[in-house]
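Everything on this sheet refers to the single structure shown next.
Chain nomenclature is as follows: A, B, C, D, E and F, assigned in order of appearance, with residue numbering initiated at 1 for each chain independently.
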């Protein structure tokens, strides 16, 4: 039986049992999807690609709020049960080291990770091109913007929930500034969240067609005795656009640029109306996976069609067994990723 | 209270009150949409992007009829109540000055405007490239084709409903001959509908993402004491294609290349099945706004997903207040647009 | 009254009468569509673009099974009534001349044709580029892979159900290796299914917009006294992707590179949820047309949205009359197609 | 013997006789080419694509001066013999109707034409996109900027040297804002140089490969009894870029949108070092043809490789005979060009 | 010492010894290059990419004549010494089986090969797309056009000078219809020059950058005891266009889809003015290699910059030694090339 | 008079006085260019884009050696006078921290900088995409490869010759993996050459057309009392490819992401045969500027046409005066470059 490590209980975790008629894939959808629909707050047209953490007996989320002017910023949302959400009216109030306000032109696809008692929000913003932005908070009131970790162009950065080898460890996906038709996952480390190095390649798109165009880290990795469980997005290209599916991999606990297992099939792919239709059709974009240390259940939040927030479930046992039984790794996946 | 100018009463105007659960946006949809569905007439597969005018106590429309061979032409349609429509079997019978028939290879996205007692139909046609075509009629039986006002490549031409400074005044959008990933609104004038000049730039795509790729005039402007109310389309690009939303602006009454107010948010964006799914998903394309001089209600006709005709409502009061309160104009918008 | 030639009775043919409210187009949809939905078999995500033949009192199909790793292979499926299908768990077991297994990287869009007592499966595969692959069987257990008939790049190959002038005769569509924005139908012949020549051009995309980007043969042609009835796909391009419709043509019986009639309108175009929404929205892709020699009814199987298998009906009488009455051929269509 | 019409003597015209070893083509190069080399004036890196007129017993030229910041503006140059040129240090001083200065962001490829005693300079400039700019002068000191004749996007506008049917007549080439891979020549007319209409199509690229990508008017047409002699540029595309050659056509004197003769071969194509090497290799771009009414000699000025100004010679007799003997016109060429 | 097989003496072969200061590469240029310059015949602008065979004590060549209308056709040329050439005024007079004339829209890059006493000319032509055309002759007066061997899109077809395994054997490069940014060499066979099959993959572009975009067969292979010596072109892409170099490989004598040796460096790359400057800069395109069975010298004809014909020399000994010593083959190269 | 700081005398510096007929631009070419021609060493086809430092009374250079297989690697070269060079036969022997050899697939455009007694070589290499590689040496025999400083995609990294604010400081240009049609200069810092942060934007392409597509740092900056003198390349795009010119800027000494002066004109642009013709026509690519602390002369080495190494001269006085007198900076240039 696979063990969750460093994962406290989350009794308030939303849950539904696997439906009888489900396919053999290890993820199943919440039947009340979407969890957050259109126009959830005045001035906000769509909410999606948002990250969730347990907080004070309920949940807190950093969300991508696409305002009615089409420009996304990061908002906070709160929920008791992880299903019904209250969204703040104003975007988070970023400050620099000296407490002066920092206004972003845009910010999207935030992830939210707790490391050593500090909450980090990590997003994509403009830095003379698409780049990674970061802030930290301990109270979700004061947000201090950190140094941008990388040069442009980069997206989909996800922090590990603890230091590895004494260093903060971050996954990201170098890209271009447009609709990027390529993309690999890389890993970088920092002693201080200020200077970054030790860049390693983790995974490329594979020969499995559902992820043959680009891939990007999704949820912050979950630590298990088998390794870090990573939910990520894999993208394929059709004559009528991209299709974003959810994939899974297990990274080495001590040297996470090494991929131990990588599932050759998707775990979830767009199939419902709310995934196939919307602002960007055919998108399932995972951003947060909350694991309950007690029951070993996992609730996975994902953006649907760049329009709504949806929810799927699995258990540590089912998803790890499925990934390991359907694993296919390349030499490049298994390597340390340095050249 | 904002006043409508030069706008007679239209007692037959279709209408529904604003629904209780509507968002803060000033437009709301007719709940019987789409008004015209697929295969409305033998040989016609889809009708959309069509313009409507009050006529003889009911309504008349110049419509884009996409025939079963895929080629669009302009048809007439008639309705008593603006909701139920009868479409003619044959496209309009264009004649040149001498009464000889003029056959167009294709014609699409017609607008219909009444100026000084003459009805003008304005569309996009082939003139060794996509270009503006025009005809006039007084009885909707005899249509005289006028000189093409411009060289190619151009689309989305809309006439003002009266002369300004003694000159016919036309908005249009220079483009290329393909799926044009750019586009600004320009204004041109003519003493005689034969020779054109006084070209002025009106608006560019803005930094508000819903309209950051291209924009084009939609309905013929409505005259108010605040200025010309223009409903236009704004387009953004996603990795899976364009999204067309409806925007609003107020142009100076005497020098309409000056934008007085421009709403930074969309007024309507694709959200329903009939807007998100069809021949071209995610399109709301406004072509005619009928205002009732008595009640100051507005019925806005728009093409949905290049597949059907849909209808939305607002009032002069609500839409002008929303636009002015959410206005954001650039120096270029406010300028006369000459270089 | 048009006659079917060389077409035995198929009493088990599925059938529904033309609905009352159907349009003037000669094809109508089965009201239980899709015939095969998502996840029809463990490990298979989607089944579409599949070909059907009467077999042993029921039906057999070679299907495109898009596995959960996103890679398509050819599977067999069996049905008693043509509506309810049982799909094999493993792809067909290809062998070379010596009985050694042949593993394909991928294979898709299979057609299945019976010629002189031998069943031929023809598909698109990798041959250092997209190319035509072929196999033969007499028992649907042993499949011998034949020589690839052509160099890359080619797709949509369809065999005629009998030799013409003593030569095997094949339609195909030369292409590139991507999402090919062009494509004509060509014809080639072979004395022995090993060496190929007598290449002739059949048809180009036409000026009718529904098929102005590319065309490709769909179902194996049906022999009538008027000529070979060919259902094919025609593709148009919108700013949001391709739209695949179904067209019809009649080829000369003795010299089938000559097009006798070609319908200027589509016979079916995406209009339903299952055609407009899915992995590739807006696709109707015909792969097999089963005609009943007794009733002269035709059941047409087509892929919908690259996601499911759907079914439509017509009769020889209706479809031939519609095609001939709406025919428009170019000099190039009518020519022998040699340069 | 072909006659020049409305063409005064130009005794100062530069001239060299046809060399013995010339090919059969009717143009031959000046052996002192280039006439104006690099860095002809402080702050100007390159001069090319410039137009020349006889003036006060010598010549005056409006030239494209590509400054050392890479941005082109229009400068004046003066010459006694048409070979040795003195270039002004500052660009021409444009004024609006009220005498206020008009600063252009850029201006290039000027043509210079004398109509009814007024000199018109016509160029390409920014008007929220590439567009035609115009000014008039009578003394080459005061330049009044006129209304821009067209909406963007347009280039290569050339005025006829006299009104036709009482209307100013202008050739131009609608385009896009980039390196335009298409382009036809159109004609437009104006009663007053303020409002424009009567748009007609003149010629498209032809099946002759040297001009199969785009064409554009070059020198102002020369009036002969056979028709208007037009030197234009024709462009073909290779895997290593465009090649610009010089072509010739004869337009109807009274209805110049009708092409009477069009030479199927180029008259000059890049072959020398100064044409094949430079800022844009492989460019011969004609901008002015000066005809001497006495000798019927023609001196043709053309830009070479977007780097220098070069000169070629012919006679009315030779060039008209060559064009008529090698003429090939399409139905579209010969038509009036209205749709 | 390497032996030439089936290669008669060619005493008239042009020759120059290797210059003292030559690099280590095994090919050296004729110091009188180009052999054929611009305008070699009335109506012909450029001659390049042409093939040469010994004939009646001198040489005969099938040449690509780019006429002054820009359209290429195949012309014959004759020479006593292989250096000074006389070119016919009219293109070759193609006839079909019945003696009726066959007019090609265009034809280019001809190869000329003698098999079993018959001369075959093989070129690229229009067959509803770029495709291979072929003719045979025994007297260079009567040319019978053969069946086109393949469907479009294909270029650079080269016949082996004898049957292999009793079958005519042809190399070619499937492509698209534009400036093709990809391309592998394939092999096909025919019992009768009418029907073609046994398609095999020979080589792909390699990781050696000079040939990392596309490759294509050049000269007809020369038979040696080591295998077939193939001179081919390899293409790389720069930000300013393609660069065509000359490479060398040795194919298995009996199964020539197997590559025994493949030189990892180019043998010649554009370095001179006539190779670096012209209609298409940076092109060395080999089309014929004439070997002298007595001296084992080789004269290689190649097109330079799509503008002229040039000549280089080597010996069987030098070139085979260089290729084998610098060989690098992939598993795919060495395989039989069937999938 | 401007002072050189921290710059020792270089008595061996090559030199020629400014020629009489030079233009007003502050750089003039060495009249013996190119300094290193084609095939300078067995196995090397072309040498260009190479960096030079004074060393042991002469000079040492890290050079881009494009081998005859087309793949570039870094070689060393030595010279007494900076004009005549001896190139090593093998590329530099890179080792990791443990002394194990590191083989690069390719490496190009090296810069060579001396900081605190250690020589750093910095290049572009493959790191699952184009990225910056680095090594250090003190004896030009042992080269230790350092951590890659950044994620892909990046090129044109240049180290400052001393720490600034106690941190190593590096310029670079984030890019894509192809022929990158965009590119800004950024600055990054490191306490230890292992971890990098403090990313700042320095300059974007400007509105001056010679540098309107992309820019990249060229030579390591030269310290003067006015600020850091940076020679960089600026690129414009024509219809026939990119043109690379040399520009100049002065960066703040303490906060070098601030641009104090930026020359609006190029300092040198391709004009000679060896710059306009070659593997990539129209390229002047600066890589090293050697200043003599005694005479304040500067010798600038630049790659010409990606084919040879060339040399130009200036003085500190002339170049700083020209840059400051022709300076044009944007607010973004002058800012600290953080967002």
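We adopt the following convention: contacts are C-beta pairs under 8 Å (C-beta built on N, C-alpha and C of every residue); 3 or more make two chains touch, one makes a residue touch a chain.
Bear in mind that the values here come from a model prediction, so they are computed numbers and not experimental data.
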| item | value |
| --- | --- |
| Path length in steps (a step moves to a chain that is touched) from subunit D to subunit E | 1 |
| Same or different residue numbers at the subunit D/subunit F copy interface, by half rule | different |
| Label of the chain whose CA centroid is most distant from the centroid of subunit C | F |
| CA centroid of subunit B to CA centroid of subunit D, Å | 40 |
| Subunit C and subunit F: spacing of chain centres that average the CA atoms, whole Å | 59 |
| Overlap residues in subunit A, where contacts from two or more other chains coincide | 240-241, 277, 281-282 |
| Touch-based graph of the chains, sorted into line, ring, star, complete or other | other |
| Of all residues in subunit B, those that touch subunit D in their complex | 104-105, 125-129, 147-154, 172, 174, 176-177, 182, 184, 186, 188-191, 194-199, 201, 204, 337-339 |
| Footprint of subunit D on subunit E - complex, ascending | 38-39, 42-43, 45, 67-72, 106, 179, 240-242, 277-282, 306 |
| Subunit A partner contacts - residues on subunit B that touch it in the complex | 23-25, 207-212, 236-241, 243, 264-266, 269-271, 273, 276-277, 281-282 |
